[in-house]
């Protein structure tokens, strides 16, 4: 089993676990963290799976760089909304969920 | 204007006024009134012109493709002229009546806007040359009458509106499904004399039967066939001109007219017979006739009694259609007009009693004949016409229906006719008796005086004129362009290829 | 040959010009930069109209970015669907922008409103980027740009509710686009390319492709708010400023749907089994029922309209089921396209009209509309017209769309879809007339705010076009068939 | 969190793991190999490092939109930041909790200042022929800014300070201008003539670095001061 495939499998585990966490948690910050880990796993799969049994392929790496910037931007936006929400209501969860 | 576009002009002559009136501010009374009347007169002229052309055998139409495989088609054929002529004339008088009736009432721009829209869609129903165009205007009619039914905005009116919608939207759904099924089977279905489904393989006859059921169910709602008639008595909370519109000019008639179109111009009368579709229709119609008359007996509210009478009377049309043979057809078609004229008279009069004396219940009518002679005379003529007393219009209809029943070999229908005539007499004569032979007991609930006339001229003219029509349609039945002659013309085309 | 080239230059312009105006409005944020915005709207409209016209004349247009041919480079592609949606976006976008420009600003005293315009133009650019994208990863970036600017527009509507709605929306959007990205990663691993066309040529039914399509479908359905993944939509659309609600309901949900449609028709069509298609359709039917039911029982006018969007999305998926799993895909395609267009026009008109009514009565409750029919008849009329189209009553775009879908369903012998379509119409009639009835009720105290005349005009024009498009549907549908992934489609 | 929620989550995550695992393990050799086309393309791209070539030549359109995404995030941040409005010079909100007033950090920041700037410049320059580039450099700059701020020094609030506002925009604006300019010469969008390509790319990268750095810093700085309502 090549290293790249190993990366991909690690990515799979990360995605699966963090997806579970995203679903399980109600605390918005935890869910955001879960989302970020999910993103990382996704990038691992993208890079790893694309170039195993093959010459290294720079395209997925570039895609991942783009993906990272997008992920950073959305995380930042989420954090700002989250802080605003907390500042406004003192809640760490969405209204429909019980404040766990 | 070139004659090809004539149907379009007829449609536009009430569509454009509708749009303009919507934009008019509430206060511009004179302009709105003249616009209403002008449009109504213009429409009568246009329809007359169209009828004249059709009588000479020139067939004019407007056609373009709406969605792939479905055309928008307006066409002037004899049957279209029959219905268009009726509603054009009655619209003129109903407009006059409505102007007088809504004097000083709120939301008149809205009212007259939808009023014109309603008649525009009726014209569309009359002139539509294929099923999908018919469906289009049939639904438009539903939409444009709802605001009129709920016009008063009272709880009662809104409730009636809800009932009206529940029935008509449901009916519309059935109709849509039926049309879609037929369309899927044979493509775009144009109305054609002798129908256009003849050459369909035996295997798909069951589907044709289902489709027929769906179509009749959809149309039966507006035509108030039992058990789909529930909305009609509810809807009488609407202002009197709207009741006239619902019962005589537009809605109920659109349903009946649709049934005529489906039986004759989609399926074709003899093909319908081969599918064994006529007998069920006859039975439903007969049941409706008797049920409506029976229910009418027990109503004390005048408009409510008239409403049930409509339920019964309109089914004469369905009855005549379902009788195989030209005479029955003539009876049905001619009643389409006659019932309209007579029933509109009765509703005008009922409105006059309500507006002038504040009388809504039959038990309060004692002696009204002396107070409002002209209105009462008009009412009496209408009532006698409904009962079928010669030489009034109603008699002509029933005569042909009776002969048609014999021709179709269904003598039991004769019994239905006789029985319902007796019932008609039973619920109309007491009213006349109260009008003329009972002295006034109590003061009128809410009397208004209008100078030397018994009521406002706007309100008085229409019933008088339509009453005269009622007499004329009976007496002059043998002159050219009389309803009877026109119906005979159509019947000839439907049976003789 | 020159003309198609000119046409092809319009593709990047359709994206670059809104971006440019995003920058311009960002240089000095103002609440109402009328004279800065109007030229932007005009050029945007002109470009999209030209694009549509060029497509209708020359067929599919392609613009190879950076002159690097696919699959190494990225191309923009304008087929009938893409250019029509672009035109629709520019029209509805301009309408909402005008509505916004006519809004008296003392109505919202929030400083955040300064930033409406940059986000608005970013949003427009993102939509065009999605309509014209031909590359799976590029679609992802476009979708993210769209999602974030939409979230921003919701968030600046002000108030804690807006924040909560924006957060809920953002989480859903992020999860959805991540699922999509996973799917894309798998597809790239399986086929070594990101260009939709090149993958379509070699797509084979194997595990990795199935999983990829499943992830893509799930992600995009979440973004399209397909029942039962719709929970985020109603609050997000209801709390926003009315023009924002209009844009979101009319266009944003369509973006992810169109992406799904393209991928399904190009990559999935040889892979998706009829039973899977039926499954999607079943969810659509569920959406029709659930959305309609919720709309019937909500007291808040904008929540009612938002739930109506949930229901209308259902029709799209029923159409997709007929497209993938029916025996009359051409009819289904036409119906689907017409539903896309008609709903976009009708729903934007309805949200704008609802905003006017709410401003007039000063309350969000349907019950408080009593008597408004006399005060703001035009807005109510627009609402009614839009309602006619949503109900699918003739004459309207909604009717023609439903008619075509109905024909397709009957031709495929799939009666259950016919029932769903017609039943949905009845439900819609239920909640539309609930509003109309309430407004016809005789008002007790007729104290209404006066609303800008321009508002009525904009809403009425949109509503009328949603009616007219149904009567003259043949022309637009001919364009929408250009480059359609159907057997015997003109390209 | 309640039991059912946990169970469903676990079930979902296991399902996802199985799906993905299956997909990953059953993967076959793809029909296309872009790496080959890429190798052919590099010589005409004007840069030597493949990733940079992809980011700013072959898929530069993605990068353009990516910067737009970043800009949107900043715009929303600024919008939510100043409830008073962009031009009412709001007093800078000093983040009470995040200021660490130790002489160590203060002096360390001063010492780090030149070092980090140098690192940023290096990363930017390196991007042309080895891993590195605008975003990495920008991130370093942002980190510097954050240190600066955390150590209690003031940075002009971004919505009010014209220059920072412009710097914020400049990256995207320059990129957009460079992308569009080609249309004027009848070339496709972003199709830079080979002879200038390298130069243009370096220019864009430089502007982007500053702009990205300020954007990230802006995102950090415009988070509201945490007020615990429940306290």
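Each chain gets a letter, A, B, C and D, in the order it is written, and its residues are counted from 1.
Here, a contact is a pair of C-beta atoms (placed from the backbone, for glycine too) under 8 Å apart; a residue touches a chain by one contact, two chains touch by 3 or more.
Note that the structure is a prediction, hence the values are computed from the model and not measured.
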Q. Which chains are in contact with both subunit B and subunit D?
A. C
Q. Where the centre of all protein Cα atoms falls, which chain's Cα centre is nearest to that point?
A. C
(Q) Please tell me whether A-D or A-C has the greater number of C-beta pairs in contact. (A) A-D
Q.
Measuring between Cα centroids, which chain is at the maximum distance from subunit B?
A. D
Q.
Report the inter-centroid distance (CA atoms only) between subunit A and subunit B in whole Å.
A. 68
Q: Averaging only over C-alpha atoms, locate the centres of subunit A and subunit D and give their separation in whole Å.
A: 17
Q. So how far apart, in whole Å, are subunit C and subunit D when each is placed at the average of its C-alpha atoms?
A. 30
Q. What are the residues of subunit B that contact at least two other chains?
A. none
Q | Residues within subunit A bordering two or more other chains | A | 15, 45, 49, 63, 66, 70, 73-74, 77, 81, 84, 89
Q) Can you list the subunit C residues in contact with two or more other chains? A) 137, 141, 144, 148, 151-152, 155, 182, 186, 188-189, 192
(Q) Per the touch rule above, enumerate the chain pairs that touch, sorted by label. (A) A-C, A-D, B-C, C-D
Q: Can you check the complex and tell me which residues of subunit C touch subunit A?
A: 137, 140-141, 144, 147-148, 151-152, 155, 160, 163-164, 166-168, 170-171, 174-175, 178, 181-182, 185-186, 188-189, 192
Q. Any idea which subunit A residues touch subunit D in the complex?
A. 5, 8-9, 12-13, 15-17, 19-21, 23-26, 45, 49, 53-59, 61-63, 65-66, 68-70, 72-74, 76-77, 79-81, 83-84, 86-87, 89-90, 100
Q.
Using the touch definition from the top, list the residues of subunit D that touch subunit A in their complex.
A. 1, 5-6, 8-10, 12-14, 16-17, 20-21, 24, 27, 29, 33-35, 38, 50-51, 53-55, 58-59, 62-63, 66-67, 69-70, 72-73, 76-77, 80, 133, 135, 216, 219, 222-230
Q | In the complex, subunit D residues that touch subunit C | A | 19-20, 22-24, 26-28, 30-34, 37-38, 41, 57-62, 65-66, 68-69, 71-73, 75-76, 78-80, 82-86, 88, 159, 165-166, 169, 172-173, 176, 179-180, 183, 187-192
**Q.** Contact footprint of subunit B on subunit C as seen in their complex
**A.** 334, 338, 371, 373-374, 377, 381, 388, 393-395, 399-400, 403-404, 406-407, 410-411, 418, 422-423, 425-426, 429, 433, 436-437, 440-442, 470-474, 477
